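Next up is a structure, given as C-alpha cells.
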Amino acid sequence: MAKNAFFFNELLDTIVERGRSLLDFSGPGHAGKLEELSHALLSDRGESSGVAIAQAILQGYRLLDDSGRQQFFRFLAEKFMPDPDLVASAAQAYVETPDTSRLDELTRATEAPRREFFRRLNMAPGGTAQIVAMREDLLRFAKGDKDLEAVDRDLVHLFGAWFNRGFLVLRRIDWATPATILEKIIQYEAVHEIRGWDDLKRRLEPEDRRCFGFFHPSLVDEPLIFVEVALTRDMPHSIQDVLDAEGGEPGKAPTTAVFYSISNCQPGLAGISFGNFLIKQVATDLAREVPSLRTFVTLSPVPGFARWLDAERAAGDDGVLLPAECEALACLDDAEWQFDKEQAEAVQEQLNRLCAHYLMAVKARNDRPRDPVARFHLGNGARLERINWLADISERGMAQAFGFMVNYLYDLKEIEVNHEAYANSGLIAAASAPTKAARTFKKARAVTPEPTH
Amino acid sequence: MAKNAFFFNELLDTIVERGRSLLDFSGPGHAGKLEELSHALLSDRGESSGVAIAQAILQGYRLLDDSGRQQFFRFLAEKFMPDPDLVASAAQAYVETPDTSRLDELTRATEAPRREFFRRLNMAPGGTAQIVAMREDLLRFAKGDKDLEAVDRDLVHLFGAWFNRGFLVLRRIDWATPATILEKIIQYEAVHEIRGWDDLKRRLEPEDRRCFGFFHPSLVDEPLIFVEVALTRDMPHSIQDVLDAEGGEPGKAPTTAVFYSISNCQPGLAGISFGNFLIKQVATDLAREVPSLRTFVTLSPVPGFARWLDAERAAGDDGVLLPAECEALACLDDAEWQFDKEQAEAVQEQLNRLCAHYLMAVKARNDRPRDPVARFHLGNGARLERINWLADISERGMAQAFGFMVNYLYDLKEIEVNHEAYANSGLIAAASAPTKAARTFKKARAVTPEPTH
Amino acid sequence: MAKNAFFFNELLDTIVERGRSLLDFSGPGHAGKLEELSHALLSDRGESSGVAIAQAILQGYRLLDDSGRQQFFRFLAEKFMPDPDLVASAAQAYVETPDTSRLDELTRATEAPRREFFRRLNMAPGGTAQIVAMREDLLRFAKGDKDLEAVDRDLVHLFGAWFNRGFLVLRRIDWATPATILEKIIQYEAVHEIRGWDDLKRRLEPEDRRCFGFFHPSLVDEPLIFVEVALTRDMPHSIQDVLDAEGGEPGKAPTTAVFYSISNCQPGLAGISFGNFLIKQVATDLAREVPSLRTFVTLSPVPGFARWLDAERAAGDDGVLLPAECEALACLDDAEWQFDKEQAEAVQEQLNRLCAHYLMAVKARNDRPRDPVARFHLGNGARLERINWLADISERGMAQAFGFMVNYLYDLKEIEVNHEAYANSGLIAAASAPTKAARTFKKARAVTPEPTH
Amino acid sequence: MAKNAFFFNELLDTIVERGRSLLDFSGPGHAGKLEELSHALLSDRGESSGVAIAQAILQGYRLLDDSGRQQFFRFLAEKFMPDPDLVASAAQAYVETPDTSRLDELTRATEAPRREFFRRLNMAPGGTAQIVAMREDLLRFAKGDKDLEAVDRDLVHLFGAWFNRGFLVLRRIDWATPATILEKIIQYEAVHEIRGWDDLKRRLEPEDRRCFGFFHPSLVDEPLIFVEVALTRDMPHSIQDVLDAEGGEPGKAPTTAVFYSISNCQPGLAGISFGNFLIKQVATDLAREVPSLRTFVTLSPVPGFARWLDAERAAGDDGVLLPAECEALACLDDAEWQFDKEQAEAVQEQLNRLCAHYLMAVKARNDRPRDPVARFHLGNGARLERINWLADISERGMAQAFGFMVNYLYDLKEIEVNHEAYANSGLIAAASAPTKAARTFKKARAVTPEPTH
C-alpha cells in the first residue's frame, strides 16, 4: 500500500506536470499499472482526479496488444464483479425480510463495480468513442466465455442508457457534409457497396435521393447508423435499377420513398438497436418535406435464403424439398444460371414459392423468422409486400439469395397493429401474393405423409 | 384486455392522425389513462410506438396537478418496482448456487422496471428536460416516504449515467451568448444576486471576468451549473470589492483567478455533482488561456456559521462557548452591529477563532465538516486558505455568517494529496492562520473540565 | 525623399517587428506622418505592404482629435483630388476627338485618387467599420464646405458599391440573438424607445412579434437597419396599443403585419438607402412564414406636421389657414390639450384634414411630399391608407405631430404601379378617406381669392 | 411607351404572381425583352422593383446562346455608355471653368450607366456569382473589340470594389470541409493536378500539409483562390518529392512552409489580384500557428522557359545562343532526354544558366520579367532563391520548362525593400547562385561582337 501511495503520487505528478499525456506503459509491468489505475479510478481518488486517471487508463489500454486486452477484460470480470459474499448475505437478508431497504441493499450488492468503472472511464475526453471501441475488442474475446459475457452485459446496460433514442441526433447527410463524415459513409456502407466519391455523390443528389444518419453528441463525426433513400414513382423491382437510375422524371413529384440500404456503423454498439427509430423518424420527416410521398417501402436483401436452400437441397429426403423439386433446382449449381433465360424462367416460380416459404414459415429457435432482415422489418411492424425475382444480380445478391430481394412496406397506420400481432402471436403481416406463394408451397407438401420442418 | 386493445388502437389513431399532439386528458379517467399508457410503454408496444406513447405520457403528466403527480409517482413506486416473488426466488437460487448465471438473473430481478420506464420515456423529443422537471416534483413529495425515495434512487441512478461528465459540454458564457441563456444566468445566480443586465454585462467583461457553464446536449440553452470568475492581482478579502470593481489595472496581467460564485441551475438534478469537475476544468482552461495566472482560489460563503453560533449561544453552559465569550458576543444581537467600528473590532478576533473552529472542527454525522460549502471544497482537495472578516456585508452575508467569507485555494499539485488525506482520514488542509485560530479556540477550552461538542 | 525612404523602412520594421500594432503618433509630427502614410498607401508600396500601412493610418486617425481629423479630410480633399491639368487636357482631347480611348482616359483622369485611397484603406482588418465611422466625422465637417462635400461624394460612391443590396444579409433578431446585437437594438431604436431588456423581450416574442435587420458581412454584430413588426388581426390605430399589447389572441391566426418601427443604425451610412429593400424583403419572407397574413402596413410617425402647422399658424394671413381655423387651433398651445376630451374632439376633424393636406399637398422643393416619412413610403410604392387620431400620445408624438400617425399600406401587387405614378408624375396613392379629407381642406380654401402655397 | 407600360405591368404581374421565377424567354423577341428589362432596371422602376427585374434579366441572360450573349454585351456597350454630348459639354465646361462643381459634373458624365446597371443587377439573389460568370463570357468576346473592352473595364472597376481585400475571408480547407468545396479544389487545381479524393486527402493531412483559400461572402462555397502548403524541414528540390512524401518526420518540428501550388478559381475574376494577399496572410497565420517555421518559400513552375528557349534555338544566329550551345542542346529534341543520365548531366549546367538568364534578364515590353510566375513573386517582394534541376519531371513540367522549378523566398523583413527596388528600378532580388549563373551566361556573350536581345 505504501508502494501504491508512492506510485500514485508519482503518477499524478506525471499527470499534472507532463500535461496528462505521456505515461510510460512500455515496460513489463504494464498490465499491473493498468490494474492499479483501474482500482484508483474506482476509489476515492477517482472522485478528485478521475479525469486524469481515466485518460491514463484509456491510453494504457490502447497500447496493449490483443492478449493484453483480453487479460484486462478478464481482470475486470474477476476483480470488478459483485462481491459474492455481499450478494449472498444481502440475498439471504431479503429472503428473510423482503422490504424496501433490504431490496435496495440487494440491488446495490448485485450491481457490478464494472459499471461504475466504465462510467468513470467515460469522463476522459473522447472516452465514449474509446469505450465503444473497447467493446468491439470484447465481442471478439467474449464468445462462449461466461465471465466476459457478464462484462459485456454490463456494457450493454450502460450503452442502453448512453445511446438512448432521446440522445441521438438525426442529421441529413448530403454533398455539403464534411468529407470526414462522407468518407465514413463510403466505408460503412454494408449492403450495396459505394464505389467511390462519384457513386456517393449520386446517392446524395437532392433531386431524388436522401441519406440520413443518427449521431451521438459524444461521438463527433461518427454516424451510428444511416439509411439511404430513393424517391421514385413506383415500388422498385431491382436494386440495380435504383443504383443506376440517372435522376427523377423531371416535373413529376415522387410518390414513393424507398429505403434501399441501412448500415450500422459501430461494431462496438452491436445489439443496441437504432434501425427501428431511424426508419420511422426518417419516414415521418420525409412525409413532411415531400408531401407527394404516399408509400414508404424498403428494397431489402434476403441474406439467409441461399444458405437455407442449399442445406435443404443437400438434406435430400430429410429436407423439405420434393425429389422433383431438387432435380429442377440442379441448374442453380451452374455458374451464371441466371443468364440462361429459359433455364431461369423454368425455376422462377418454384424459387419464388421457396423464398416466400423461407421468409414466412422458416423460423429460428424463438419462433421468429430465421431471416434476420425479415425479422427486423416485421418486428418493426412492416408488411412483407412483394418478393422480387432477379432483383439483385450482383455476385453477392446471387450468392446469398439467388437474386431475390423483398419490399417491406411501412404503413404508419398499420405498424402498431402489425407489430402487436407479431409480438403477441408471431403473426406475419404479408400482402396476398407472397402469402399465396407460401401457402402453395405448403399445400404441395401436405400430400406427403410426413410434413417436415 | 379487449378494452385495452381498443383503447390503444384508438389512441394510436389519435397519435397518428392528430399529429401526435393532442390527447384528451381532461376527463375523470385521466390518471387511469396515464397508467395504461405507462404499462403500454413498458410492453412490446413500447418498442414499436414508444416515441408516441412517451410523448403522450409526458403531456398527460404536465396536465396533472400536484396530487395527481404524487399519485402517479406512487403508481410507479408500487407497480413498477421489482417483482418481490421473482427477487425472492432469484435470491434463494443464488444463495444456493452462487454462479454467474444465477447472479445475472438476480441482477435482472432486482432492477426496477421503473428504470426501463424512464429510459423509454426519454425517447420523446425534449424528454430529458421533462424527466428532470419530474424529479423536481418528486423531491418535494419523497421526503421521508420510503417508496418514493426508492423511485428517486432509480432516477438518480439513471441521471448518473445520462449526466456523466463525459457528456457535459463546457461553454464560455459572455456578452455574445444568446439572450435566452443569459437570462437564465441572471435567474439562476444563487449566491450573489445579479441586479439586471448591466450588472450581468459587468460580470462578463472580457478584460477581467469570466463565466463558464456546463451544458448537456439534450438540455438546449439550459446551463446545469455555472461559475463566475474574477481575474485579479490579489486574493480578494471582500465580495463587495469583487462585485464593485471597475476593471482590471490596465497593463498589469492578472495573477489570480477568483471563483466567486457557483450556482447549480437544475433543482431536478440535486445530488448529481458537477461543481468539482467544473472548477477543475475551468482552472485548467484558464491557466492555458491566461498564462500569467498563478493562483486559483474561491471567495466562498460560510452558510451555516451564524446558525451554529446562535445555537451555541443559546445553549449556554451546554454549549461550546465560555460565559465570558457569550457575553462579549451579545452585541451581535444589535441590528447593524458591524457599523459600530469599536464594537466590531472588539469581537473580530473572537469571531475569527469561532469561524475557524466552526469550519475545521464542527462536524456533521459523517465526520465531515458541518458547513456544506467547506465540505464541498475540502472534499475537492482544496485548502482552507484564509478567513475574511466583514467580507460580505450584504444583509444575507451578515445574517448567515456575520459577514465572514473564506478563500479556498485550488493548488493543482496538492489537490490529490489533500483529497486523499481528507477522504481517508478526514484531515483538513488549511493554511497556518486559520489552523492557528482554530487551535487557539480549542486551547482556551482545554482548561475547562468538560470539553464539549 | 531619402528621409522618407528611411522613415518607411523604420516604419515597416516597426510594423513587422512589433506586431503591426503600436505606432507612435503622440509627437507633434503626427499629422505629417499620417499624410506620408497616406501617400505611401497610394504608391507602389501600398501594393506590397498595403494591409500594414492601412492599419497604421486607421490607428493614427483614431488618435486624432476633431481638428486633426478635419485637417486630414482637407488633406484628402486637396492632395487626393483629380489632377486638374490632367483632367483639363483629357477633357480637351475628348472634345477634339470623342472616341472610346479618349473617353477612357478622361474617365480615369476624373476619378479622384481618394477613391483608390479608401479602397486600399479598407484592406485593414476591421477597415470597413472604421471608414464608416470616418464618414460620420466627415458629415459633421462637410456641411457647406464644397471641398469636403466632394470627399463625401467619393465615399458615397464607394459605399454604394460596398453596401449593395446583393451583399446585405437579412437576419431575424430574436431572443436567441447574442446580447452584443440585442444591446445595439436597444441603443439604435430611433422611433419608439425600448425601455430596457424586458421591453425588448416583449418586442421579440415569437408569438406575435418579429424583428429583422440587414447586416453586412464586414460589419460583424452591427445591424445597418432594422424593422420591428407586430402580427395582429387589425390595422392598428395607436402605437401605444401596439407597444402595450400583452400577446396575440390565442388560437387566432394573425392577418396583418404592422411595421411599427424602422431604425437606421449607422450615421456614417446616411444617404445609403436600405429601408425600401428591408420592408419588401421582410414582407415577402413573412408572407411565406405566416400564410394567414393578408395585409402589410406600417404605423408611421408624421415627423414634420407640427413644425409645418406651427409655421402656418404663425404666418397668419400669409399662411394657408383661415382666421377661424387659426382661432380654433389656439387650444393646441395648452399643455396637454389632448386630455381635455371636449376640446380635443372639437379640433379632431380640422386637424385630420390639415394632416391629410400636409401629407399629400405640402411639397418640398423637388415636388415630393415635404414629410420625410411620407416621402419614403410613397416613394417605395406604398399607399397612404389611414390617418390615425391620437395615435401616439407620447410626449414626442404630441410634439411632432399632435399625436397623429399614419398607416402606409404595402400591397405587393400595387407597389410597382404606385411607384411609377409617383416617380413619373408625383401622383400619391391614397385611400379615399385621406384623399377626401385633403380635398375638403382644399375646397374650403377655394373660395378665398388667393389660393396659397 | 404605352406598349412598354403594358409590357411591364404584365411582366410584374408575372413576377409577382408566378413566384418571380418563370419568364418566357423562349420566343423570338427574347433579346428585345432583355433590353427592355435592362432599361427598366436603370429607370425609376429599378428602384422599386429592382430585385425582381434583376432576377428576370439574369434568368434571361442564362437562356441566351453565345451569339445572344455577345449581342447583349454589344447592347450594353452602345446603349449604356456615357452620353457623348453630355461628356463633351461637361468637358468643355470644365476646360473653361475648372472648379469643383464642374469637375463633379464631368465625373458623373463620364461614368458609364453600365456601372449602375451592374450594381443594380447585383441585387438579385446569387447575382454576384452570375455577374462573375457573365464576365467569363465577356472575356471571350472582348478580345480586340474596343467597345466590349470598355464594358470589361467597367466590370473590372466594380469588381475592384466588390472583391476588395477587406471583404475576403480566409478559410482553412481541410478534411472537415464540406464536399461541395473540396470538389472544387480538385477541379480548380491548375498547377499540379489532384488525382482524386485520396490525393486530395493527402494534401490536407494536418500533420504536414495546409490549404487555405479566400472566399467572398456572396459567393457561397466558391473559393476565389487557394494555396497548398507543405510543412517540411528543408527547402524542396522537386515537386515530385513534395507530392509523394508520405508524411512529416515524426517528432521533428517543421521549419519550412512550402507554397507549392496557387490556383485562381474564377476565370470571371481574371485580372483581380488576390495571390499577393493570400501568400502574405497565410505566411503570417502559419508563423503564429507553427512557431517552429523559419522559412517561407515557394516551389514554382517556370511556365515560359521552354517556349522562349525553343524560339532562341530556332532563331539561330539571330538568337541569343552561341552555335556551340545550340548544338549541345540538340539532345532536348529527343523524347525523354532526361532519362539518359549522361546526356542530361551534359546539359545541366548550361540549361541552368539559361534558366537563370531567362528569369532575370529576359523582359516583357514593360521591362518586367517575361516569365509570368517570376513577375508575380518578384513583384510581391519575394527573392529568387534557387533554380532546381529536374524538379518537375512530369510531362507538363518537362514540356514547359525542361523540368526546372524555382524557389521564391518570402522573407517578411525584406519584402518591402525588395518590392520597392523592383517597382522603382526593376531590380530583381536574387540569391547568389542564380545571380552568378545569369552573369556567367551574360559574360560568355560579352566576347561576341553583337550582343543580342
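For clarity, chains are labelled A, B, C and D in written order, and residue numbers in each chain start from 1.
Keep this in mind: a contact is a pair of C-beta atoms (placed from the backbone, for glycine too) under 8 Å apart; a residue touches a chain by one contact, two chains touch by 3 or more.
Remember, predicted model here, so these are calculated numbers, not experimental data.
A.B. asks: Starting at chain B, how many touch steps does it take at minimum to reach chain D?
C.D. replies: When the steps are counted carefully, the minimum from chain B to chain D is 2.
A.B. asks: Which chain pair shares more contacting C-beta pairs: B-C, or C-D?
C.D. replies: C-D
A.B. asks: Given that chain A and chain D are copies and touch, would you call their interface same or different according to whether over half of its residue numbers are shared?
C.D. replies: same
A.B. asks: Determine, among B-C, C-D or A-D, the equivalent of interface A-B; equivalence here requires over half of the contact pairs to be the same by residue number.
C.D. replies: Selected pair, repeating A-B: C-D.
A.B. asks: Between chain C and chain D, what distance separates the C-alpha centroids? Give it in angstrom.
C.D. replies: The computed centroid separation for chain C versus chain D comes out at 39 Å.
A.B. asks: Distance-wise, how many Å sit between the C-alpha centres of chain B and chain C, to the nearest whole number?
C.D. replies: Computed value for the inter-centroid distance: 52 Å.
A.B. asks: Quick check on chain A: which residues sit in contact with 2+ other chains?
C.D. replies: Residue numbers touching two or more other chains: none in chain A.
A.B. asks: Show me the residue ranges of chain A that touch chain D in the complex, using the header's touch definition.
C.D. replies: 175-180, 182-183, 196-197, 201, 221
A.B. asks: Within the complex, which stretch of chain C touches chain D?
C.D. replies: 8-9, 12-13, 16, 44-45, 47-51, 81-82, 84, 87-88, 90-92, 94-95, 98, 100-101, 103-104, 106-107, 110-112, 119, 122-125, 127-128, 146-147, 150, 153, 158, 160-162, 164-167, 169, 217-218, 276-277, 280-281, 379-381, 412-413, 415-417, 419-420, 423-424
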